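Structures given as structure tokens follow.
There are two complexes below, and they share chain A, which is joined by chain B in the first and by chain C in the second.
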Partner chain A sequence: MTPVYFSFTSAFTLGLMGLAFHRTHLLSALLCLEGMMLSLFIALALWMLQLESTTFSAAPILLLAFSACEAGAGLALLVATARTHGTDRLQALNLLQC
Partner chain B sequence: MSPYVITILLSSLGLGTALTFMSSHWLLAWMGLEINTLAILPLMAQHHHPRAVEATTKYFLAQAAAAATILFASTINAWATGEWNIYCLTHPIATTLITMALALKVGLAPVHFWMPPVMQGLDLPTGLIMATWQKLAPFALIIQMAPTAHPQLLTTLGLLSVFIGGWGGLNQTQLRKILAYSSIAHLGWMIVIAQFKPQLTILTLVIYIIMTSATFLTFKLMTATKINTLAMSWSKAPIITTMAALTLLSLGGLPPLTGFMPKWLILQELATQGLPLTATIMALSALLSLYFYLRLWYAMTLTISPNTNNSLAPWRLQNTQNTTLLTIFMIATLLLLPLTPLAQALI
Partner chain C sequence: MLYFLDLLLLSLVVGLVGVASNPAPYFAALGLAVAAGVGCGALVGHGGSLVGLMLFLIYLGGMLVVFAYSAALAAEPFPETWGVGSVKAYVLMYLLGVGVAVWWFWGGYGDHWVVVDEFKEFFVVRGDVSGVSLMYSVGGGMLVVCAWVLLLCLFVVLELTRGLSRGALRAV
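The block that comes next holds the complex of A and B.
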């Protein structure tokens, strides 16, 4: 396991763990998602550099574009949640419990 | 919402799924899934109701985490093997991660918890899209990667889904939650057969979509979201009430109706593969689902509701909603069983 491989794997895993177990604010969940996407960006970019495959060079930018769209949708939902529930705490999202 | 916006959203919903269908590269498949998710979010949140917004937020978090995990696992696979093709998924950790992420996307049992609340927060047409169209893209990926996936993992996912789908629906009175649990149970049947005969998965998915569409369109016609409302439906549309009762039995998988076909073929295939224990557990868990379908059936047709009925006038009013689609789906739900030999010949 190379240091590069270890670093992006652990970055992604930490982001996923934060999303799954640190459930306080919606904003922190969105930040964890963004961290996961950025670690994927690094992974894709370094994969391209390591294999020197120029055909793949658009992929990290495409990933970044999509993750920006996703972050935008997440922030819009943050605003919508703040307007309907009055807070962005995930505890407040309890209208639909079984 | 403006018709132009609706057109753009629905077409990108379709195009995202089409992109996932067509791609053989994990990155493009991921892009299709993301387009799909981003296109349905405004449709879900269009009513600005707190429940709708909450359902949208929960759906967004689950789908975004699943999509990121899919891309992460395919990146691991690419670092290990240098291969991005969907068929060439060989790294064991990557296979397991992608299976779990796709299970999270469609809502299979150990990771199904987002599904009933999200369905509960949506209106019936959006719920219909969520229960049918949104399953297609992840299932295209599941069918392509099922030969390389861990066999025990797929069987465990399937058995747990059928069991929990039946168990969870027992105590519900809300129709959309019942339909969400019914969806989980049907997805279990699909995933358990995916490694032995992927064509049967496709057949089950198609028939599930037909049956669920018929059920959702019936509920939309009666504007029913609770069992209580359903109990009053005889005064709105007596004939459709009778047909809807049979539709529910078809969803439960009783023999003279269409819903029996996939269950029959799957149980036969499992027995042929030498897995009688799995087949027995699946067949017995289907009884749990059958119980709550029968409860709906009982409330609709077999008993007179204790509620007071304000007027009998709805009985005599002409229905103004368009029922063409409902007619097609309902007839297909009730009468497709004689086509089983054709389905077997095609498989």
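The block that comes next holds the complex of A and C.
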């Protein structure tokens, strides 16, 4: 593995492990998702730069637009959770009453 | 220069360790900002000046400001940094995992990734700039799809957070 390939692969894996294992705050899970999208953006951009296929360079920008949608929906869920439960701890979402 | 780019990419991994080790959301947002900054530096060093600028301005300037505001909803009296308790253990564990992966996978110094437009002179625009301009001509369909998705996302956010009798959030 070249160092570039190793770097964004391990960054994606670290974001995935953080999302899978640590869920005290909802915002922590959303930040891990954002880290995964960041590593995907860097991966697409570096692939485009390495292969010199410049027609591919619209792909990371479209990915950035879609990740903005994902971040917006996630933060809206965070605001909704804070309005109903008063906190964003995921332990509070297990309670049967608000 | 190549070793400096490797240093930037390893800083990206260390920033993601700081996000994934479950600190308080303030410090996780800080780790993500560090990761985005050094990722921008790595992209610029590989020759993609426009995508690096776009990452820095849009991602770091737009999205992380929203995350920093939302960190106020997750406020704690004693936020955990990377040096205390279980977070320190997770940081050490992830760094150990990255170190094992470096020992196992690292290699290929002979075939470093080249940068775009290397060994070519007298370019008017960089390669990624000329590629992005295709998005406005033959890739206009995807541009329309992106604009439509962003508009849909606006209505999704408004419905999720409205909270009167008709929205998705009826308890408030």
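What we mean here is this: the second predicted complex is superposed on the first by the 94 of 98 C-alpha atoms of A that agree within 3 Å, B and C clash if a C-alpha of one lies under 4 Å from a C-alpha of the other, contacts with A are read in each partner's own complex, and residues count from 1 in each chain.
Operating definition for what follows: a contact is a pair of C-beta atoms (placed from the backbone, for glycine too) under 8 Å apart; a residue touches a chain by one contact, two chains touch by 3 or more.
Treat the numbers as computed from the prediction; the structure is a model and nothing was measured.
Of the two partner chains placed by superposition, A:Q91 touches none, neither chain B nor chain C.
In the superposed model, more residues of chain A are touched by C than by the other of chain B and chain C. Legend: residue contacts after superposition of the two complexes on their common chain; A:T54 is shown touching chain C, with no touch to chain B. In the overlay built on the shared chain, the residue A:F66 is in contact with chain B and with chain C.
Looking at the shared chain after the overlay, A:A43 reaches chain B, while chain C stays out of its contact range. When the two complexes are overlaid on their common chain A, residue A:G18 makes contact with chain C while staying clear of chain B.
When the two complexes are overlaid on their common chain A, residue A:L33 makes contact with chain B while staying clear of chain C. Contact with chain C, but none with chain B, is seen for A:L75 once the two complexes are overlaid on the shared chain.
Once the two complexes are overlaid on chain A, the chain A residues touched by chain B in the first and by chain C in the second are 19, 26, 39, 62, 66, 69, 73, 77, 80, 83-84, 98.
Partner chain C is touched in their complex by these residues of chain A: 1-4, 6-8, 10-11, 14-15, 17-19, 21-22, 24-28, 30-32, 34-35, 38-39, 41-42, 45-46, 48-50, 52, 54-58, 60-62, 64-69, 71-73, 75-80, 82-84, 87-88, 98. The part of chain A that touches chain B in the complex is made up of residues 5, 9, 12, 16, 19-20, 26, 29, 33, 36-37, 39-40, 43-44, 47, 51, 59, 62-63, 66, 69-70, 73-74, 77, 80-81, 83-85, 93, 95-98.
Residues of chain B touching chain A in their complex: 27, 31, 34, 37-38, 41, 45, 48-51, 53-58, 60-61, 64-65, 68-69, 71-72, 75-76, 78-79, 82, 116-118, 120-121, 168, 172, 177.
Chain C meets chain A in the complex at residues 5-6, 9-10, 12-13, 16-17, 19-22, 24-25, 28-29, 32, 35-36, 39, 42-43, 46-48, 50-52, 54-55, 58-59, 62-63, 66-67, 70-71, 73-74, 90, 94, 98, 101-102, 105-109, 111-117, 127-128, 130-132, 134-135, 139, 142, 146, 149-150, 152-154, 156-157, 160-161, 163, 168-169, 171-172.
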